[in-house]
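Chain IDs A, B, C, D, E and F follow the sequence of writing; residue 1 opens each chain.
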């Protein structure tokens, strides 16, 4: 998968993505109706990959912004920079996406400052407008533009909640870990290991996920299985590889570490 | 509905709006008496559309500002920018509205910083003045200028309360979801689906709204029904469309998701 | 009442103000003794109007500053602005008032940042000085200068309290709603309605004020009665006008709204 | 008392001050031993006047800084300002006092930011040095320089405490209201009223001070008695004058207001 | 060990490091698979030394960033500086590492501001990209680049937790104090003392580590033993050296100090 | 004791300091082994004087920085200043100390912002490096450089704690008040009073220190005894001098003030 070195990523090769329900179809229908989309789900279960595939199918550039506590409206929309004594305006990623008709994907939107979620309101309803206060200008998004946001309901807290006035503008999708056969296939394809080993890794992941109610914050993501597969394919023993990529990565709690070690021993 | 690409939106075509009480008449009377207005109500029930219609009827430009935690007085009134080594003043949206005799609509005012609510005080009483401290200037609003603010009483908290000294300057309107027949008509008009389907969607919305006391944060807004309608008209199955536009959008709680799925199944 | 478009408002026409006790006389005596004044009282009961009348009687310009959470010392005293590569000093409203011998009225002083209340200390005792740290200069106020501040004791909290070291520099006045006959006369004069209707509106206000201990945050101010009067004079039905200007403005609580509706029905 | 219009106030006329103990003598001895002083006591009991008298007796300029929440080290020491494209250093009041051998009086020091209290440490011990980090320079104070700070122990809280590492550098003085005869003499001198009236005002003050344990935050200061005296001398009735200058100034509590009104009635 | 005076440290001499498990082998395998690594463990147990050895073995420059509360994205990625009136971009250490294919080690990552942990997300998954918003550029890391982060689980709190969405991108290693024989050898090599003394110091460390559950915040690190060894080799008595380097360094609690003194007496 | 007027203080005359244990010897050994030192102890017990003496014995310049809440990394390391339109770098005191091989003493380090304590980590372990992120440069400290920090364990709180990862880099010393004979000698030398009076003052100090558990925040420091001695030598009565320099300085509590007065009366 090659990428041009700009914030607007053109997906040249078809990204590997296995559809679970009709999510690609519905998202494309939303796109053609000018509706924005919201992806919900745990970390590492394929939301980013889904966006890459969607962008590829719609042949639109994909601009991804990882949101965080200090992400401000200016970081999204743009700001003036001093160049040669002049204040020169520089578009932010959201403005660039609106101007060029790209897909703008705001990853983990609830992590951003509140102003960020409000600034997308006029863009996320039938106005499809982006007011740029500092330029005294309002952009109307072309039909090619799409807004997508994601968040992890597992992290949802009173402070980091997505307001109803924001939510009720989006077509929403719940993402989850893929079913075992599918997940094994993904692990095999991405790490280059054999099918039986991939299946064992998925078995292990399923067991860690069932520990979520017993004190483990989150189960192993598909990504971690791919990491384990890669180390094993490079000659690291399966148990050692699982310890470094899964067990020690998931927790620091000594009892939980022991429980995960036992799971590994029972499988490899 | 076409718009000129400036922050001051001229409403060229009559916006579709169905009056429920005399709200348009009273708001116009307030306008002619130089009184500001306050719109109260849940998200997606038509406050923004009401403002567009009012602006159209009064043939005034509409300047909308979505308020948020970091919106400061300078964002509303204006600031100095450095251009060619000179500090050049740039009017903010509120100042622009006062100078040009537009309608300035501050959406979700309680989300803004406290200074923002205080700065509108002299503009919201019989002085109708906007002091611009940084220019050492005080603008007197022309009769054409109108100030409108909105907030959602459902979100009201101790921290995000509208002070009595602010409230007691406004003529106030409570907005709510339209009555079923009216709402079905709106959904039909805006999404292009048939009347019976529109009625079923309204039935569904009514059922979700009745769940508000049972743990659902807020019921489905009219906007979500329009989204569902659009997806259905594009060929998505009603149940699938309702899941993506309504169920998954309203909540992340698994029990509540199941309850909403059941409602959908009983209708479609 | 005409005003020149500068922050320093010259009151050209005698503002309508009905004295309740000797407040105008005492305030003028304080002025001639070089003492600052403090106005206490609920919102919309005439403090701003009192200041306008006092300024008119003393033939001094009136500079009003609405205080808020982010009002800093620099906002009051002044700051350097970059102009043509030079830092050019610009007087703030308080400095301007001291230099020109105007009346400076700091409305809702407790809302401002603490530094603001301390910076007026040397100006509010027998030194009558304003130190401008950034210019390395100390201004001595001319006898024509007067300092006035206001606050609403109803909002008083531990965080937003006026310190004794600040209070004990002022001659203080408690403001309240005017007695019924007086208030009816004000409503009649300002809105242009007939005496009986004005009396009914005052009756209504009195009833809302008695609800303060029953959960209403604050009763209707004289200002709201004037709003109601204006809408009625423009042809809106009294009940409808009272709902929009008084009931919906005072509260969002549904039980309280019903109680206020009943009061309206009993009167109109 | 005339003053030159700079932050460094030269006291030209002998300020009226009645010594209660040996405080002037001890303070002058501290000065000649290069020791800094700390004034403790309630508002309006003469700390500022004491400093003016001390400065007059030592024939040193007096530079007073009212401390507050946002007073930073730069406000005291100095900062760079842009002038003609150059960063030009500008001494703050403390640096100016050290350079010119003046008395620097930091009023209500505990109100300032913590860095402010730490920055005076090397100046307040036997080093008598002021490091100016931004200039990379350390000033050694000349013998003529004196540091004085004040605070009100009544306001002392965990957050606004004077650290022992700060306190244990100062020679300290407790200030309080003057004894009745002395206070009456001060009120008479400063307001121009007759002796019997001055005595009655002091009687009233003493009664308010005894209410401190019954819920009054602080009793009437000498300053308020002078205010009352001035209004009375200008023709205002004593009861009315006491209400405006003392009763309404001291409290907003209605029971306490009634108690104070009764005290006034019993005296005038 | 010589170093060039730039932030990118070239490790010229083989750093002394004793491998405990296969950690160097696994880390090198992770490197060759383009996977980032996470080091977990208490202070002073060799994490920094491990990174130096790894960098030496991979012959890559090592760029270390000590994270703290105020470390922002700009500190890592870069910022514009004004030079000759122009805004000149200056790479931060992370950008420099990506451009030059170095190892970037973010020490105590959880101490940094949240944005810092999010900004490394696209760099820590299979995208291996660093978006530089301010340049509107996205760098793709060359295969030589490696990302490493560390944190101390003992300090882990709700506020300073490493989010699962961050953790689940890394191959993880738990570090701990080396086994006694190994630790004695390290102390001997680094401080130049004899084997028996080194063993006694390790005995002492082990005893302090067992006090962790009895109120001691953390046991003595290997580093402190080396300090003690160095002072002893320079002629300081062992008891005195242990008091200064271990006892007084570990705690301020007088009972705990006494307990540690007793341990010292029992050994030397 | 003369000093050059730069932040780097050259101690020309041997500072008066009486060694209590081997602290000077151990500190010099730490210096020759390139180890940093940590001074712990109450205010005014000689930590600053110890540093001056150490600097004198090592013939190194001493750069002292008083830490506070707002002390940032830039204050220590340096910053860019605009001069003639150019950004000119200016070393902070820590950088200056590293470059010139001076002793840098960070007084009350825990008062500083967290970033300050982290920035000294690479300087306080065997790397002895100071990374200057903004210059993209890393300084290696010459052998002549020494880092010293101090803090007062009595003030230690959860928020103002010295992290183990910081502590475990230093050789530590606990400071306390000198034994009576030594303290009397210091008081005599520094204030110029006779031996019997000095002994009485030490007696008084000892009594105040024993009150620490009875509600006094801290006992009288040696410095306060010197202050008392100086006032007495200038002719102030001992009781009066003790009241101003010790009693009123130590506390504001009236019961405690009475207790301290009684102690004074029993001695003088």
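Throughout what follows, a residue touches a chain if its C-beta (ideal position, glycine included) is under 8 Å from a C-beta of that chain, and two chains touch if they have at least 3 such contacts.
Every value quoted in this text rests on a predicted model; they were computed, and no experiment measured them.
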Request  = Could you tell me which chains make contact with chain A and chain C both?
outcome  = B
Query = Along the shortest chain of touching chains, how many steps lie between chain A and chain D?
reply = 3
Note = If chain centres are mean C-alpha positions, then the most distant from chain C is chain E
Inquiry  = Going by average Cα coordinates, which chain is farthest removed from chain A?
reply    = D
Request  = Please report how many Å separate the Cα centroid of chain A from that of chain B, as a whole number.
outcome  = 30
Note = When centres are defined as mean Cα positions, the distance from chain A to chain F in whole Å is 52
Task = Find every residue in chain F that makes contact with two or more other chains and list them.
result = 82, 85
Neighbour-by-neighbour ring order, given that chain B leads and chain C comes next = B, C, D, F, E, A
Task = Mind listing the chain F positions that touch chain E in their complex?
result = 22, 25-26, 29-30, 32-33, 35, 38, 40, 72-73, 80, 82, 85-87, 113-115, 117-119, 121-122, 125, 127, 129, 131, 133-134, 136-140, 153, 156, 163-165, 167-174
Task = In the complex, go through chain D and note every residue touching chain C.
result = 3, 5-7, 9, 42-44, 48, 64-71, 75, 81-85, 90-93, 96, 107-108, 111, 152, 155, 217-218, 220-221, 223-224, 227, 230-231, 234-236, 240-241, 244-245, 248-250, 252
